[in-house]
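Each chain gets a letter, A, B, C and D, in the order it is written, and its residues are counted from 1.
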Amino acid sequence: MTKQYFGFSVLEQRSVNLDSEMPAELESLYQKEPSLRACIACGNCAAVCSAGHFAEMQFYRLNVMARRGLLHEMVGKAAACMLCGRCQMSCPRGVNIRHAVLMMSQL
Amino acid sequence: MATISSRLKADIRFQDGLKACMNCGVCTAICPAAAYFDYDPREICQDVQSGDESILIGLLKGEQIWMCGQCLSCKTRCPRDNTPGYIIQVLRKISQEMGYFVHSRLGRQQLLLKRAIGHSILETGYCVHPKLIRPETHREQGPVWEWVMDNAKEVYEKCGSLYYEEGLGGMRKIDSDTLDEMHAIFQETGAFNLFDKIEQASEAKAAEMGLSFSDDDDNEYLREIQL
Amino acid sequence: MTKQKVAIIGAGPAGLQSAVSLAELGYEVDLYEKKSRPGGHLAEWHVLFPDMQPAGELLDSLMQKVLAHPQIRLETGVNISGLEQAGKSWQLIQSDSVRGEADAVVLASGFKLFEASKKEEYGHGIYPAVISSAELETIFIREKEWPFEKTNKSPKIGLVHCVGSRDAKCGNLYCSKACCITAVKQAIELKKTFPASEVYCFYMDMRMFGLGYEELYHKAQLDYKVQFIRGRLSEASPSGAGRIQVKAEDTLMGRPLKLTLDMLVLMVGMTASVSPEVKENTVELKEYANKGEFVKIPGAVIGAAQWLKPGLFVAGACKGPATLPEVLNDARATALDLRNYLSGVL
Amino acid sequence: MAQLNWKSYQKEIPDDHFFYVRSCIRQTFFPGAETALLYVLREVLKKDVFEDKRHTTCTGIGFHSDVIPLETIMTVVARQLALMTEAGYKNLLVSCVTSFGIYLEILEMWKHFPEKLAQTREALWKATRREFEVPALLTHSSDAIFHFKEQILNKSQISLVNAESGQALKGVEHVGCHYAKIFPQDGIGGAEFPRVLSGLIEGWGGELIDYPERRHCCGFGFRHYLVRANRSYSISNSKIKFESMAPFEPEFILTNCPGCNMFLDRWQYTLSEMEGKTYDSRGLGIPVLSSEEMAGLMVGMDPWKLGLQMHQIAVEPLLDKMGVNYAPKAKYHLASSAVPLPQKPSVLLV
């Protein structure tokens, strides 16, 4: 069949679909850095982030992306981290952020 | 000059539309626009609630306020009785009043809508009518629509429609006295003012973009904003 | 001199504790319960947050004290519909006739759970897989079956916070306080029952105000892998084979989110149970009907007596959402106020 | 689908004496639906339905596309009400769901902001020398059909039952967003479990099927359909609905909104051309009928006078199941000399 063109297209949904299969690497990320699970998305990490001044870098959002299975998006954003570790000092839940970002960017 | 905040608050739809947002996201969850676009009615509420003029100008100049489809599904669900869809109506109104709508690709389409729907109301008394739905610009209407249009008068009459004839019934020709009344209402209630603002801002934008502009459909600006 | 008598309306935790405290202070206590058995909501609960103590243990210990005390007389199946003041004493009215008399009264009528079906978009009462947090407790105490196949050992389960609370559409703008921690407690119990399950909590704010609550939340995340999604559930709909599709916004991502579940638990909030109408010499105890307010105590914050009018005290969650420890302490404090009143200090 | 709360959303629907206002979209795409409504009410049920030929669009589509100011639409609505007042009627009967929402919203605004009502009276007087009363009752055409559904069934030879097998026909509903989502109290059954269409499906013998995206918008979106480049939004949202209902194998979709009716019909065709896919097992698509069209069939109207040939999705499979008596060959027959038939779509069977 020749597909007709109508001047517009069918779009991809932006919704997060938690029914889709979670990537296998996700479990290994949490095994390597279990403290990731303790994040409460308070935003302290993003508030003090050195890279955040120049790039769209909010660590808590990386963590949410990972949990939603959006690893590709997460890895791309994690690259902006300079591993300065200020976030780790400010995290109220003791997440080992430096190590976590390192693990994220290596996925 | 009135601030955008005060312009917003002066509109009853804004008074009704934003009480106090608590950022819960029930609106975005079921928003047909949020399903496909980088659009988030919750964030719009938060932005507007901030009252920050630079944020508000950003909204008025941006693409996002034009993404809402006005289904008003958000109104049903909001636990704080807000209606993001009403806030959008007011933002769009102000964006047109202040000429900011031409800054965005989607905003510029207001000229098309003004010329299609606005003119149709004045000329025919209908927002839409069969002759507006030309098969060549509405291929999604399918081959049956083409057939309907090819045989329009007979098909409509068979279904009990007057098809642009005078009389009492569907798709009748609306008499000139009635259309005169519509004109008078448009004049009295500011619709022509809005039309003029849309035309003027569009014409200025066309000049800025180096595109030709005219009252008829044959100009570069109109073709550009259709894309 | 005969002992002074106190009547208590409601034999839930507040009424039971009031009865014990007042009897220990030396009063005769008439304890009236509308239902056929005492205990209130506690009698239908499995374990208590944050220590996972069986609810039955607490109720048993309260009941033992009540039954063992010779000055407490417990009557169940008695619906006190109003009060009449005659001089300094109070008459308790049960369907137009005087049921008893007392020198002071404690209203301890507790709360009603928000009726989950009123939050229509969640389909409670329509879709069997949608249950309330109270119904989940009855499943835990094995009075009810799981709403999914017995063979399903890895169910996907969602818990929705704030159902009937913080919601102008339901007329309840307040926070019911106990639901966040109840969700965390229930999520952990679910993971203990079904270790392979996936459990999601949909919250707006995690209100972990009590001692040990935040720690339990932390534990739910780390040890039980409960997932917390910041977004209020917008709707639930049937997606075939008895499953439920839910929609929320993942507000931290700024994107809509969809998920299909085997069971959806609605954390129902607290609503008033009676709305007293106070007149000069009478008090009508009106049943709460969808709209109504918790019993308001004038000047409660500045430490005034917890009474509606002199001699008519109010204890526990009928004044507003409260946790069990708060209710028990409030009952003790009310007993002290009441003693001061009857001994002429207050 | 058990429905718990719908009884608490009852609205008063008048038994007679309606002032009727038409729908732009319906007159354009489904003229027979309005013919059917008037035939059912006037000829079958002997109701008084008055129409004034001077009434116009409510301008709702222009309003929701932001080219008509609030004050303008209020005054245009006021003019319609003035015609009703002049004719001595109190019950407004509205064909269009967008209009229905507009009337509800404006009446509500006038209630909460009486100064707007005063301004509108003044503007209408200045522009047209007309005066108006607010209507006593506002009825959507699907409300009216719901209200008279038993009488319609009593006059009917057919029902939503497979005439051969005796099985109830499986139907899904799609209620237009502006019917009850804006003001749940003004729709039969409210916004979450509206009864206006589900009551017809069940009341006329069909089997109602609930599906996950039942409450999702068809995707009209006003400016999203009206500007060609934006139609992606429109078709993509309809697709959410089709994919969600298809596994339940509905035999028809019942709607109460002229726009939704058109989109759910046309987008099935467009999607089939774009993606090669149809949403039924036989490649025919799912027929989409409005409550007015269904009522017309029930009382024995000829499908081709009802305008069902103007649908892109073939309705014949549904007509056959229902046992409707019709002439298949007359579908595209017109009185004038033989005209060519519509072209066949490349995927969708017709």
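By definition in this document, a contact is a pair of C-beta atoms (placed from the backbone, for glycine too) under 8 Å apart; a residue touches a chain by one contact, two chains touch by 3 or more.
A quick note: this is a predicted structure, and the numbers were derived from the prediction, not measured.
Contact counts per chain pair peak at B-D. Per-chain Cα centroids separate chain A from chain B by 37 Å. Chain C and chain D have CA centres that are 46 Å apart.
Chain A and chain C, compared by their mean Cα positions, are separated by 39 Å.
In chain C, the residues that touch at least two other chains are 121, 230, 235, 250, 255-257.
Shared interface positions of chain B, defined as residues touching 2 or more other chains, are 30, 34-37, 76, 140. For chain A, residues that reach two or more other chains under the stated contact definition are 4, 6-7, 11, 13-15. Because contacts link each chain to all the remaining chains, their graph is best described as complete.
The touching residues of chain B, counted against chain C in their complex, run 22-31, 34-35, 40, 42-43, 76-81.
Chain C contributes residues 121, 162, 166-170, 204, 230-235, 247-251, 254-257 to its touches with chain B in the complex. Residues of chain D that touch chain A in their complex: 228-233, 235-236, 239-240, 270-271, 273-276, 346-347.
Looking at the complex, you find that chain C touches chain D at residues 117-118, 120-121, 125-126, 235, 237-240, 245. Those residues of chain D that touch chain C in the shared complex are 1-5, 190-193, 210-215, 247-248.
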